[in-house]
Amino acid sequence: MPDNDYKWTTGITKVQPNNLVTRGYRQADLIGNVPYAHTVFLLLKGRLPSKNEGRMMDAILTSSVDHGITPPSARATRTVASGGVPLPTAVAAGIMSVGDAHGGAIEKGALFLQEGVHRAKAEGKSIDEMAIILVRESREQKKRIHGFGHRVHTADPRTTKLYTLADELEIAGDHVALSKAIAEALLSETGKNLPVNVDGAIAAIISDMEFDHRLGKAFFLMGRVAGLVAQAYEEMSREKPMRRMYDPDHDYDGPEEGDLPEEYR
Amino acid sequence: MPDNDYKWTTGITKVQPNNLVTRGYRQADLIGNVPYAHTVFLLLKGRLPSKNEGRMMDAILTSSVDHGITPPSARATRTVASGGVPLPTAVAAGIMSVGDAHGGAIEKGALFLQEGVHRAKAEGKSIDEMAIILVRESREQKKRIHGFGHRVHTADPRTTKLYTLADELEIAGDHVALSKAIAEALLSETGKNLPVNVDGAIAAIISDMEFDHRLGKAFFLMGRVAGLVAQAYEEMSREKPMRRMYDPDHDYDGPEEGDLPEEYR
Amino acid sequence: MPDNDYKWTTGITKVQPNNLVTRGYRQADLIGNVPYAHTVFLLLKGRLPSKNEGRMMDAILTSSVDHGITPPSARATRTVASGGVPLPTAVAAGIMSVGDAHGGAIEKGALFLQEGVHRAKAEGKSIDEMAIILVRESREQKKRIHGFGHRVHTADPRTTKLYTLADELEIAGDHVALSKAIAEALLSETGKNLPVNVDGAIAAIISDMEFDHRLGKAFFLMGRVAGLVAQAYEEMSREKPMRRMYDPDHDYDGPEEGDLPEEYR
Amino acid sequence: MPDNDYKWTTGITKVQPNNLVTRGYRQADLIGNVPYAHTVFLLLKGRLPSKNEGRMMDAILTSSVDHGITPPSARATRTVASGGVPLPTAVAAGIMSVGDAHGGAIEKGALFLQEGVHRAKAEGKSIDEMAIILVRESREQKKRIHGFGHRVHTADPRTTKLYTLADELEIAGDHVALSKAIAEALLSETGKNLPVNVDGAIAAIISDMEFDHRLGKAFFLMGRVAGLVAQAYEEMSREKPMRRMYDPDHDYDGPEEGDLPEEYR
């Protein structure tokens, strides 16, 4: 029991003079011996990964690393950077934009797949059968299944590569299978080609790695942080502060200009 | 020339349907083949690292990964998380606290070392001579040299390990040498034991790797982001929202309680 | 129709050379003639307030202005400020902590009260009858009703004042009445004294002013921003960067220190 | 002396059960009696304003309230909002963009004017003489004087109104005079018409009100927060999450697409 009500307890890092122990391992041992992506796994799972799990984690981080200036996160980082602020403030703005609509499909997709696999087992259904059930239910309830389709990519090269690796590293299991089956069911049931996108692929793989779906957005932001640093640095080193970034042309549809009412004059 | 004044130009990632090219390499090739830390190097430098540079970058990221609940970044992340916000918002708060006083010694230290090495060459001085000159000047100007001494660690295990690696990987050069010489000069000139701390070690190593000092805080935050995710997740999964985190006992030294002046009543 | 797909439309402010028109009024007319709190009302509602509505809005902003160093927002702002960052970055960290658990009772409380009043009308119940129904249902479903009870204040002086004003200004209506009736029902049904807190009072009043409940947290943060500026400024002007802010004493309950497994050495 | 090393001291708000005392006044007294802008003055200065000081503060807040979708703060808020995050997170992103290049002219301008007035007195120069000296020195040193000129407004209506009020309220003093004299000197010495902009006007007025220049950005952000709330709310209520906000057309000038080097395959 803590000595007082406000004493904190943490299981992440023990700090002692000249020794830092993270999840049971000395940082002096981790540095240079355990690859960064494996250390990330250690931090989130509380144990070191197998070699294959570590390689998979590394691939996940790399798959989120940058998508140019197109997504809100890069735009937010560069826009805030243009205000003349320190690099970490600009990067933080990009991270803050990771929300339900941007990177959020990992969290929602993982929950959906985890519940789907659970239900298949509980109801004695095959993965393919469950995929068709889920797609039909979603259509009836007019709900979107997260992690499928992309506004730019019809065959997202990141998904293909992540799934190839997940097979090679023997990580792919029921959740990856279900995500593929859902893409097929979407096509057969609705006629729409909505392949698994990179968020959906990460959702499936971290589910097969038994991660909590609530960490979904974290995988995205841990990889993307490097891209956001590059975006902020490019803005700060190649552009002027407060450059004219955006076409000022827009429509105003508020009330017409008028005088203040009598009582305010 | 751009077609309009507001067209952006970026050298980071080319986005095409079904193809993402980052600094000249297809992301589908990077994923699973190039370790994440090497990809970070690619993003920041614009070229792939040598094997040794990649291993050094990996070690730098790991050396910043977490310092328990003691620094402002972890406190900020957990405090904001306790308000009941999404994980990325909490992590962003931690990243925003990376400033001149927290992680800032990397940036300032790198600039100081880069200027010192430049000056040694320009003035025909040895690294050891320059270290003594810099320490004496700093004493006279009552300026602090950034990257030396730590409030907890007298022999920071992370520095030791990073410097051992920098030697083994043949990365250590004039900047690492200067940082070591400054620590010795601080002892001989002032009698104070102020060894190179982890910020100072990173400052020296990234300088020997020819990184812009303005990226200093970025190395820290790219490593620390994983620790902040772990801190936010621990707060969200083990603690109640708005828990009593801090001893409310404090002193108030503002004006004594009184009535509003006549005109406001 | 916009000329291109990416053209924005806004109803807030029209920007012309030497003229700014906000919600139909020239800013040059608003400045100095329309009190700031009235202008806030104008921004959110799209029309100028009546004199009474303006005074009520002013009181709401003041009621959120500061709660010392006790809440997460003030702690986050001061913690981030201690990292050595610009004042706006520190203030932003405090604002980010405004979430479901901190200030969130305004949003949730407003929705609850608005649904309650709607239902009372639909079901032909009196406000007092509806209050008892809602309290009983919440008990059965083991759900908390937001906006009642406070960890420090048993009779929040801000609530008392806001409700007195809401009566005087003839703003108090069904939602204020329902909030009072719920507090009474909580006492009679559960024996617990959980009076309306300041969040609950704001929730009720903005509901009687016909604001969207989704703006709930905005009222809190627009008032609190001034307190957060004061907190950041006090930290920056009276304290040293990276001061020892928090008792480092804590418990570590992670794995015991051990060696890396064979394969990583 | 505090009982322990980590005890905080604040002069802002004393928190007691059922009583909150801010800068010496009970919040229950402030609410409804002291206008919000006057309470902001109280928070920052530690005393209530005179009637005229309070009115001036109110006008300053209103003068910063919104500038449509053109500045980085509004863009950042709406871009982050489009990621699907809570309203306070989006508003915080806008506040974070307030930096040296966006709102920063208030802080820099106030420091410049305060030093100028101080120097005029020390050197026995008139305000007009000092203006010419400062403009000439800035030209020689090729330094920009902050707070003059605007990319949209040649005669900023906010400046005109603020300066009229500052005269009427008998607040305008040496700093306002110096700012006007500098604008004239810029025209006579350089031939450029660079009138005082709204940032410059606020800088001059808060200097005549004897505010610390380090609070410069705070005046801007405290007024703008209401506009940012309106921007976030408009985005959330009128637009779809992740809408196509920006023309994706841009140039990529990074390295051409190529294969990974041998060692990575």
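Think of it as A, B, C and D in the order they're written, each chain with its own count starting at 1.
In the analysis below, contacts are C-beta pairs under 8 Å (C-beta built on N, C-alpha and C of every residue); 3 or more make two chains touch, one makes a residue touch a chain.
Because the structure is predicted, anything quoted here is derived from the model rather than measured.
Seen from the C-alpha centroid of subunit A, the farthest chain centroid is that of D.
Set side by side, the interfaces B-C and C-D show unequal numbers of C-beta pairs in contact, with more at C-D. Averaged Cα coordinates give subunit B a centre that lies 35 Å from the centre of subunit C. Our note on geometry: subunit A versus subunit C, Cα centroid distance of 29 Å, whole angstroms. If you average the CA atoms of subunit C and of subunit D, the two centres end up 23 Å from each other.
Of all residues in subunit B, those that touch two or more other chains are 6, 8-15, 19, 26, 30, 34, 68-70, 85-86, 88-89, 92-93, 96, 98-99, 103, 244-248, 250, 252.
Looking at the complex, you find that subunit D touches subunit B at residues 2-3, 7-15, 19, 21-26, 29-30, 33-34, 46, 48, 51, 85-86, 88-89, 96, 247-261, 263-265. Interface of subunit B with subunit C (complex): residues 68-70, 72-73, 75-76, 79-80, 82-85, 89-90, 92-93, 96-104, 151, 241-242, 244-248, 250, 252.
Of all residues in subunit B, only 4-6, 8-15, 17-20, 22, 26-28, 30-32, 34-37, 39-40, 43-44, 55, 58-59, 61-63, 65-70, 86-89, 91-93, 95-96, 98-99, 103, 152-158, 160-162, 164-165, 212, 214-215, 217-218, 221-223, 225-227, 229-231, 233-234, 236-238, 244-247 touch subunit A in the complex they form.
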